[in-house]
Amino acid sequence: MSGSGPVVELRGLTKVYRGHLGIGRSLGLDGLDLSVEPGQVFGLLGPNGAGKTTTLKLILGLLRADRGEVRLFGRPASDAAVRARLGYLPENPYFYDYLTAEEFLDFYGRLQGIPRAERRARVQASLARVGLAERSSTALRKFSKGMVQRLGVAQAIQHDPELVILDEPMSGLDPIGRREVRDLILDLRRAGRTVFFSSHILQDAEMICDRVAILDHGRLRAAGRLGDLISTTVRWFEVALRGAVPAGPLQLLSSAGDEHLVRVPDVSALAELLETMRRTGGQVLSVWPRRDTLEDLFLREIAR
Amino acid sequence: MRRPRPLDAVVAIALNTFREAVRDRVLYLLVAFAVLVILSSRLLAMVTVGNEEKIVKDLGLSAISIFGVGIAVFVGVSLVFKEIERRTVYTLLAQPVQRWQFVLAKFAGLLAVLAVHVVLMYVTLAFALWMRGATASGLAPAVWLILVELAIVTAFALLFSTLTNPILAAVWTSAVYVSGHLSWSLRLLAERVPPGAGRWACEAGYWILPNLDRLDRKAEVVHGLDLPAGFIAWSTLYGACYVALVLALACLAFERREFR
Amino acid sequence: MRAPRWIAAGLLAAALGGASLSARVLERLTPARGRAEQLLYLPNGRHLRVLSLGHAPLLADLIYVWAIQYYSEYDTADRFRYVRHVFGDVIAELDPHYIDAYWLGAMILIIEARDLEGGLSLLDLGIERNPDQWILPYLAAWECQMASRPECAKRYFERAAAVPGAPPITRRMHAALLARTGALEEALRLWLAVLEDPASDDLSRAIAKRKVSEVRAKIDVSALRQAIETFRIDNGRAPHDLAELRRRGYIREVPTDPSGQPYAYDAATARVTSAAGRVLGEP
């Protein structure tokens, strides 16, 4: 296992989509530079149509780059052997109707090179891991969308790959499902694996990523450690209070009867407000510390 | 890390393809044929005078061929298309499997389905003939050549299905099938066209198109005539080489394909 | 990874070689199918029409073209067996108004297979289905004439001329045939009809005029000869001159030839001639 260089490295990656009969072109990706270090959880973010899926397909060899290069584990992406070290879950996966969960995982296990002796055990283990153990003999055509998604995850990790690539892994899942996927990704990181996923759900990304990259219209808008990108922002507080709104450095956000939600810019302004409320006998219902979320960063970058 | 042995991957995908086709509707075709052959056997006994055996043999052989071509065309063209349309091909190609292995495996799987179909139908025909005291053993050479013909048609079906949608692919494959059976007319045309580009084109067309009509020996086996020595062997070689060339084209086409 | 590339290329080259080699060997080995067998499988046109799904005339054309190719192969054994079937039952059933087919089939039968009856029966089929076509009976008449079957030819010429819109040539040919075979009165009638028909073109009219004179002269001469012969039988000698024939009642009056000249009678040889006849080529 080479642990030195980046697991995924993209340099100047460009993809142009040609229109029908050669008329019209649209830029899928424009000169993307990106690198993913081993053991990281990397989030590729952006609105729909930004080029996230294009990037993933270029990494996997489903598309050919017009310019630039893709290196996986230091080797060109066209090297088939490299794909033995990764697992992939596509967006909205759809699998063979006519197989059972077990047959399905066994089939992929064969393709992934898992020797027969271990295969059965691994299949059962991954089914259990994603919570489908009781459905191992059920035909896939009877699976719900969430179950299919979980089976897809099972297929992506059962051979214990060093790199796991997930395209919108949380899409279509209920909150429980989303939490399970988040936990799984964190487990993988704990085990020293690298996870590269794309999503347009920023809250999830915020919770688990080490690094993110934000794409829009095929271009990279922002990239770096999560802490770096959104830490240097002013924190503010939202305070819910009952009674008269005092004067001071605050901003009224909303009112309902005699209950108001106000925003104060920093800790000292907050202290001042609390003191004022105590003196005037008003009631402070709650205080929320807020910081810049990824969403704010996202909207700022996209608006530019 | 670990990689599957190439043969292992091909076998796995081929088996999967086989499983898919068999769990599909193909079996119903077999049942339909079996019923057809056995029924015709009994009905003819009531209706005709004379050599009903010949009619059963002719009907049987033609049905094996026609149903086989039907399966080759309609299952063959949907094979690759379904994978692409349902995006099951994405996860497949993300594995350490090369694209040409994928194509070869699909072909092997479909050929296995056709072989099973042909064998089962042959057994049914033999049974129907046995019920009237005749034997089907003499028909074996024609049945083998039918299988060779089916292999060629399947290879084309696979080639076209990597290139375009299933309807067009079915049309193209059927066109090749029909032309393959009429290629002798290109020969005749070549003799009548004045020497030059036209004649050259006819000759070229004749050699390039698969000569399927030559593989049709139903009349000979039904009448118990001998085939020339080595005919089966050379025909098999022709079929195998032709299939190899078409599959190479299919691999090439699939290699270059992008998945939007 | 260069090695597998070379292996793949080598395998493909081998496949190409194998395919070409085996194709050539099979060409030699394959027993040739009898060409006539192919014809046997051409079903009746009525059934083919059903199969053609509305494209019967096109199918007729295709079979026609194929038949031409087939029948130009002179070394095919027994190739005339199915001409009637191909052209009459197949092509003609698919497209009953395909005039060329009747004509070509008949030609093949008459000229190459020397089967006049067969050819005529094919033309009859065409005539029956296409009463508005003058060309078929005309061709039939022609062939009868070539085969020295004047009765047959006359019938067909009549038929051809009866078709509305038939060109004058049908009647001209008919008249010529009639004249040649001695039915001079009928010929005269026909020529007069051509002459008087307002639809006749100038050439036809000119020819008709000439022919009318010619035939009249012939009729006159023939009648005179007959009268002379009768006189000789009755009186044991030839008449002295034509006036004697009139006096004795063998002819009603002495005719003049169409140019107005009297007929010349040579008492020594008992022969009648006319100046006009000599000009028109009569002895």
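The letters A, B and C name the chains in turn, as written, and every chain counts its residues from 1.
The working rule: a contact is a pair of C-beta atoms (placed from the backbone, for glycine too) under 8 Å apart; a residue touches a chain by one contact, two chains touch by 3 or more.
Computed from a prediction, not measured in an experiment: that's the story for all the values here.
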{"item": "Maximum centroid distance from subunit A, chain identifier (CA atoms)", "value": "C"}
{"item": "Pair of chains whose C-beta contact count is the highest in the structure", "value": "A-B"}
{"item": "Middle chain, criterion being Cα centroid separation", "value": "B"}
{"item": "Whole-Å gap separating subunit A and subunit B, where each centre is the average of the chain's CA atoms", "value": "47"}
{"item": "Chain centre separation (subunit A, subunit C; CA means) in Å", "value": "91"}
{"item": "Computed distance of Cα centres, subunit C from subunit B, in Å", "value": "54"}
{"item": "Subunit B partner contacts - residues on subunit A that touch it in the complex", "value": "17, 57, 60-64, 80-86, 88-90, 92-96, 98-99, 107-108, 110-115, 152, 155, 159, 161-162, 165"}
{"item": "Residues of subunit C defined as touching subunit B within the complex", "value": "8, 11-12, 14-23, 25-26, 29-31, 69"}
{"item": "Residue ranges of subunit B in contact with subunit A within the complex", "value": "1-4, 8-9, 12-13, 16, 19-20, 23-24, 86-88, 90-98, 258-260"}
{"item": "Residue numbers on subunit B that touch subunit C, as the complex places them", "value": "188, 192, 207, 211, 214, 220, 228, 230-231, 234-235, 237-238, 240-242, 244-245, 248"}
